[in-house]
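Take this structure, written in structure tokens, and hold onto it; I'll ask about it next.
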Amino acid sequence: MEINWSAVLGIVFTPVIAFLVGVTYGGLTRRITARIQNRFGPPFYQNILDIIKLYSKESNINHGVMQHLGPVFAITASVTTLFFIPVIKDSPVFTNFSFNGDLIFLLYIMVFGSLGMALGAGQTGNPNSAIGVSRGLSQLVGYEVPFVMALVAIMVQFQTTSLNDLLAVQDHFTKWIIFQSPFAFLAAILAFLGMMGYAPFDVVIAPAEIASGPPSEFGGKYLGLMLTSRSIFTFAKLVLFTDIFLGGAHDFITLIIKTFILYMIPVLTGIVFPRFRTEQSIRFFWSWPLFFGILAILVVVF
Amino acid sequence: MFNDKEASKIVDIIKNFARKHSLWVVAYGTGCGAIELPPTMTSRYDAERFGIRGSATPRQADVLLITGYLSVKTLKRVIRTYEQMQEPKYVIGFGSCTINGGMYWDSYNTIKALDRYLPVDVYINGCMPRPEAVISGFIKLQQLISEGKADGAKRYRENLEWYRENQRKVIKNWRMPEYNW
Amino acid sequence: MNSIAYILLITFAGAGITFIVHHLIKPLRDIIAITVAASGLYFVIQSLTEKTKIVFGIADFNIIWGNTPYSNLFAVLIAVLGFLTILYARDFMAEKERLGYFYMNLLFVIGGMYGIVYSQDLISLFFFWEVMTWSSFLLVIYCCKEAQPIGLKYFVFSAIGAYSLLIAIVMIYAQTGNLELSNILQNFGNISEVNQIVIAVLLLTGFGVKSAIMPLHVWAPDSYSISPSPFTALFSGALSKMGIFGIGMVLFKFASHSGYFSYVKIILAWLGGITALLATFYAIFQTDAKKLLAYSSIGQLGYIIIGLAVGTPLSIAAALFLVILHGAFKAMLFMSVGAVYFRTGTTDMNSVTGLIRKMPLSFVTMLFGIITVSGVPPLGGFAAKWMLYESLIQSKHYFLVIVVFAASTAAFLYLYKLIFSLFLGQEEVEWSHVKEVPLLMLIPMLILSAFVLVAGIFPGLVLDPISHAMQYLGNYGFKYETSVLFNEWGNKINMQTVINVIGAVFLIAGLFVTFKGLKKTRYVTTKDIHTSGEIPEENENLTYAVDFYKPFERAIAPALKASIDKIYTAIGNNLEQAFDFLRYVYTGNGQTYAMYVVLFLSLLILFAELIFGIKL
Amino acid sequence: MSPVHFIAIPLFAAFLIPLAGKVSKELVKIIPGLVLLYLSFVSVTLFPIGTHHPVVEIIAGFKPPFGITLYYGAIAAFLTTLITLIGFVIWLYSYKFIIREPIEKYYMLFMMLITGSTGIVLTGDIFNLFVFFEITSIAAYSLTAFLRDRDGAEAAFKYLLIGSFASTFFLLAIAIIYANVHTLNLADIAVKIQDVPVTTRLFVLILFLIGLGIESEMFPLNGWAPDAYSQAPSPVGAVFGGIVVKAAVYSLMRIIFLMFNSHDVLHFLLVMGIITMLIAEMSAMKQQQIKRMLAFSSIGQMGLVIIAFGIGTEPSVRAAMFQMFNHALIKSLLFFSAGYLVFHSGSKKISALDGLGHDKPITSFFFAFGALAIIGLPPFSGFWSKLYILLSIADAGLMVPVVLILISSIIEAVYYLRVVSRLYFYKEEATDVRRTPVSGLIAMGILTVVILLVGFYPNLILNWMTPAAADLLNKASYIKFGLF
């Protein structure tokens, strides 16, 4: 059997790169937040240290097999999402399995992890976890709707559900979908705020209120795996948005620039806003983002 | 290149480096000392630059910070919180009250010496210790960690019976779940 | 004789025999019931390869039974679910009373459903439809006094449905003079267009009641939740599909001649969408597990109706795929909840918690079930949802797809609540006696779990019979491979790759997390949780299950204000009051009656010209 | 054998019974059974003959139109068979049910009733019809009051009051007809009535409609029915529902088809049938007494029959006959089982029936069976007749009656199923298990088997129904054979 080495390379390196970029973004976020709050802030590699520390914890507890598997679900979802997104446009190495899936699949695989985590959190029996899950799922319903509207608008406009086809359409920066379908972008980016879970939509983990919510019983390697998954997932989502709206990237430098700019939107919003309550955030997602979503679809239809 | 021992040494160094620079604190705001923590964490003193940050639950935390005096009633909770933390874990006694009872030295209901009940790694003296002192205490802890001397958890495990005896002595209605290592 | 005759004969005769045997030799009863169901399954499988037709006359009508690829699809669903249900019922019902009654009606329901799918004429269709209706009604009221008004509601709605079917049948007979399906289908185009639409709408109403389309759904939640669990599995899994079976026939075989029919389809699709969304919302706030699943069933049937009403090849395929799949996963879920009920005696989600370690296999069944319902890869639900969305987008139902998507995202909420409240959460002393259900109950659940897994990885295996059925429905072809699905734009999803990637990553991460620090990882009870140092009491339940989705409820409160159920109840009560008032026409007084006679005489004489056209 | 047996033998038996009562009580009980068994045998033997070719029997040697004739055609064959068979089953049931004295009077009146009913069906002479009507009615009044309690007497008095209206109008109508056409033979009248002035004919029609409408329970003339059904002993309820009303409806339809066959009249019947059905079903909904409920249901079913007759096409008449047959069977079954349920619960109230399904499993089963059958659910016989009625209505191009019939069916389902629910599910434990006598169970069992048999094989009855319908509709043949 002939082994496609470039594919193997991609499979091995994509998660690693995603993790490194994602974790660095996490550290930078903390740094930027600190600078905005007139603090010095931790070094950019702080999150790596945190994750290493968590993995090196010598004792771990779980409340049962679902809690044990919860983070595994999460990282499965993250890595699978990543594998089905073309990270670098037209690259034989970093497109991975993106020809075997499409946007609808990505929509669903993206919730796979949160549901798995929710199951894990549920088994701990900690009321805070359950409250967090309840809030998280409610909010999920909130932001998925405008997000899907944006995606539907785009899918209909370009008559495809495949990310690679969308990338092929955006061969020049004037043809980026952000310019071709600005309302879809608005709806999607507002939904993206909810997806990333920064303030004002951080009611799910709300550390001072419900003791970090779903992961409140997770420590040590479980928390480490969760953070790893989160780093990868952040990167995957950023790449997805870049691919859909910003024309993807031919090389890593462009990719990093685009994703970083995109990433700063939720981060900077998060720093200046207080927290929404659950129903407030749902109502928010069902007001302006929904309006933009409808507008986007109407523009496409007529 | 390396033999096993050296390799594990390097791993230890990395581990300790990470542990040292990533101290997640569950701050048990028992006494008046808790008021010193906000300035420690926020802009003025910014403990986060040393990798110190608050943690919401003991499951995720590395450091148990006892901020001030401990009443008997609170001790029970503190012990449980400590036992729920994952190893390696450290305890910092904060303020004079944790060392010798401080101004509550003759109170009937207060714990005088914390290290009879929990293995304290670092004490921070003062009533109140200023944020600078707190940070200095943390840096002392980091130093101990990198030297591998912050072995409070190990001590607690090894001398569990002694600690239990002391704990039972003050806590009259002892209804704690057994600590299964 | 051929297989179909055997199937119907064995099932109906078996029902009677089971009833009699129950009163003579009790232990034989279960064996006979299982044998009947198993031989039904055997003959259904036999009938798949043959194409048969039985014709005989009854009254003035030709009764025709035969199988088509479309009916085979449903027959297999009925046979498998029927068999598994009876297998499951063996232990579940062992302690109950009136088992002869139970098994007889259960077999009647199964036989009625066989009859419906094999009927090739409208008389026997209606005949079996009614048999199925009253036997299922008798099962709904099986349990207790509380079930009586619920059963009555079910029967009234079923009767409304059945009678609108009957009106349609009568109209067809008046228009074409024939009730054989093949003749009707040929002559249907000759009927005037208005009548075509009226007949189609009546038929859709009739079938719609069983498949619980929105304004006609109110019987479903209560009836599903009150009927005994083995039957509920069949009720939701197969019986509701009879409505779908009929809707499919109507949509694709009947009224395709009329141009106005597209409007009916659009309305139907939107009704399906609203059904899906609202039913999901209602499901979220239920506290009874079976009721939650009942609403969930209504919602899922909404998807199926959308798929049929949209009517592109891919959407029909999605709908039929969902038919099979919904049969499987809803049966699984009801069986799993039934297992909980079997051991704990309640399905109240606020009181049962933390059964996962006591009933691991039931938990796994439910886990597979909810993953399938939610449509998350890699189980079968995803393939169905994928096809549905793609077809909706490509057939330009943009807002409908949003509604459907909102509904299926909201479905995560109730699914999580279901599994969380029953199996996860704190383990309670109250339920410490609970253990796993007997083997005979586990087998059906595990078989169905395996099926949804296979359907997820190799959707093509299920799509093969579906594409045959669609050929029968109207030469609809669509492209698929054993594990690859295509949409109309040529985009594809390769389930094999998906399952490989997910499996590999899951395995690696799972092994890593398991073997990393294996010795230092310990299990602690669910009482050992972070509660700010507080020590929970042994019998203190800290699980957060009451008002689980209060914030969400607050967010969507306006949508839930109007309740169709209340409107129906008000109508029903007012009618009864009116009837109560009306019965005093009969005063019980002889003079009044005499006066009526005289009045009637004088009225007849006075208005003779008006009535008889002759002046007196 | 000749059709005269149907009238002569029960009449003779009726007079014999009091004499037999002097000898032995058992004899009193057995004689009606033997008579009805014999009549059943006769009816079954004559059935094919009558169906094939009408038999006209001349009484007392005068040729028609002067003498009294018996017209034994297809429909008469069918109805006499129905009456004798149902009568036999009712006797079987009464055998153990009627334990209260005076038994010989009960059986005497029962025999009179059979005489009257078969007479109504058979006679070809309108005054004779009136006489049989009176025999039937008077027997019915007395049977209503058989229990000799306050309620029964009241009901019988109401029945008598309204019934005397019926007799008066009927007699008046006959008088007017006789004054105009100088004949009493039905066939002869049918020929000659065409010459009578239109207004007179109309007046006669109205009188007939009221006179016979009262007996055939047409709204608003049916005030007597609920009381009579519910206060009479249960087998008598079955007699009313299964025999008397059938005969009355038959005579109404015979007269209308013979003398007044016009669209307006049929439409009037159709509308009256609908009103009767709807009001009866609605009133039945909230009844508190089970037999009263059955009475209203009975009225409703008759409304359905009248609707079907009102359509006036051959399929619809056939369907109406079929419905009459089914209703006779099913309603008898319901009255039988309700009789024992009331007897065992000790109260006429529906609310007293809670949990009887456990005490009296078999009787309750029969009631439940009857309830499902009368709603018109397959595979019971009621399904087919309802289906045929609906099909025939639709064939005539009317959809509104179809919808209304189905709505009333839903109402019917609601109140019947409520009772069934009460029987089985309102109380769990069996309190006292008294047995229903075997003869009663056999009677119900026979009906059940027939209902199921016809449900699965409707041709059994339907094949005989087609000539009967043709017979009723074919005026020319009636005249031809009636006057030969």
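Chains here go by letter, A, B, C and D, matching the order in which they are written, and residues are numbered from 1 within each.
Keep in mind that, in the parts below, contacts are C-beta pairs under 8 Å (C-beta built on N, C-alpha and C of every residue); 3 or more make two chains touch, one makes a residue touch a chain.
Since the structure is predicted, the reported quantities are computational estimates derived from the model, not experimental observations.
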item: Top chain pair, ranked by number of contacting C-beta pairs; value: A-C
item: Geometric centre: closest chain by C-alpha means; value: C
item: Chain B and chain D: spacing of chain centres that average the CA atoms, whole Å; value: 97
item: Cα-centroid distance, chain A relative to chain D, in whole angstrom; value: 79
item: Mean-CA-position distance for chain C and chain B (Å); value: 58
item: Rounded Å distance between chain A and chain C, as computed from the means of their C-alpha atoms; value: 36
item: Chain A residues counted as touching two or more neighbouring chains; value: 57-61, 128, 211, 216-217, 220
item: Touching two or more other chains - residue numbers and ranges from chain B; value: 57, 59, 87
item: Sites on chain D at which at least two other chains make contact; value: none
item: Every chain pair in contact, whichever chains are involved; value: A-B, A-C, B-C, C-D
item: Residues of chain C defined as touching chain D within the complex; value: 57-60, 123, 126-128, 130-131, 133-134, 137, 141, 144-145, 147-148, 151-152, 155-156, 159-160, 163, 166-167, 170-171, 173-174, 576, 578-580, 582-583, 585-588, 590, 592-594, 596-597, 599-601, 604-605, 608, 611-616
item: Complex interface listing, chain C residues touching chain A; value: 353-354, 356-357, 367, 371, 374-377, 382, 385-386, 389-390, 393, 396, 398-399, 401-402, 405-406, 409-410, 412-413, 416, 419-420, 424-427, 487, 489, 491-494, 497-498, 501-502, 505-506, 509-510, 512-514, 516-517, 520-531, 542-545, 548-549, 551-552, 554-556
item: Sites on chain C touched by chain B in the complex; value: 520, 522, 524, 527-528, 530, 532-535
item: Residues of chain D touching chain C in the complex; value: 154, 157-158, 161-162, 165, 169, 198-199, 202-203, 205-206, 209-210, 214, 220-221, 223-224, 226-227, 262, 264-265, 268, 279, 282-287, 372, 377-379, 383-384, 387-388, 390-391, 393-395, 397, 399, 402-403, 406-407, 409-411, 413-414, 417-418, 421-422, 424-426, 457-459, 462
item: Chain A - residues contacting chain C, complex; value: 55, 57-66, 68-69, 71-73, 75-76, 79-80, 83-84, 97, 100-102, 104-105, 108-109, 111-112, 115, 118-119, 122-128, 130-131, 133-135, 137-138, 140-142, 144-145, 148-149, 152-153, 155-156, 159-162, 165, 211, 216-217, 220-222, 225, 277-279, 282-283, 286, 293, 297, 300-301
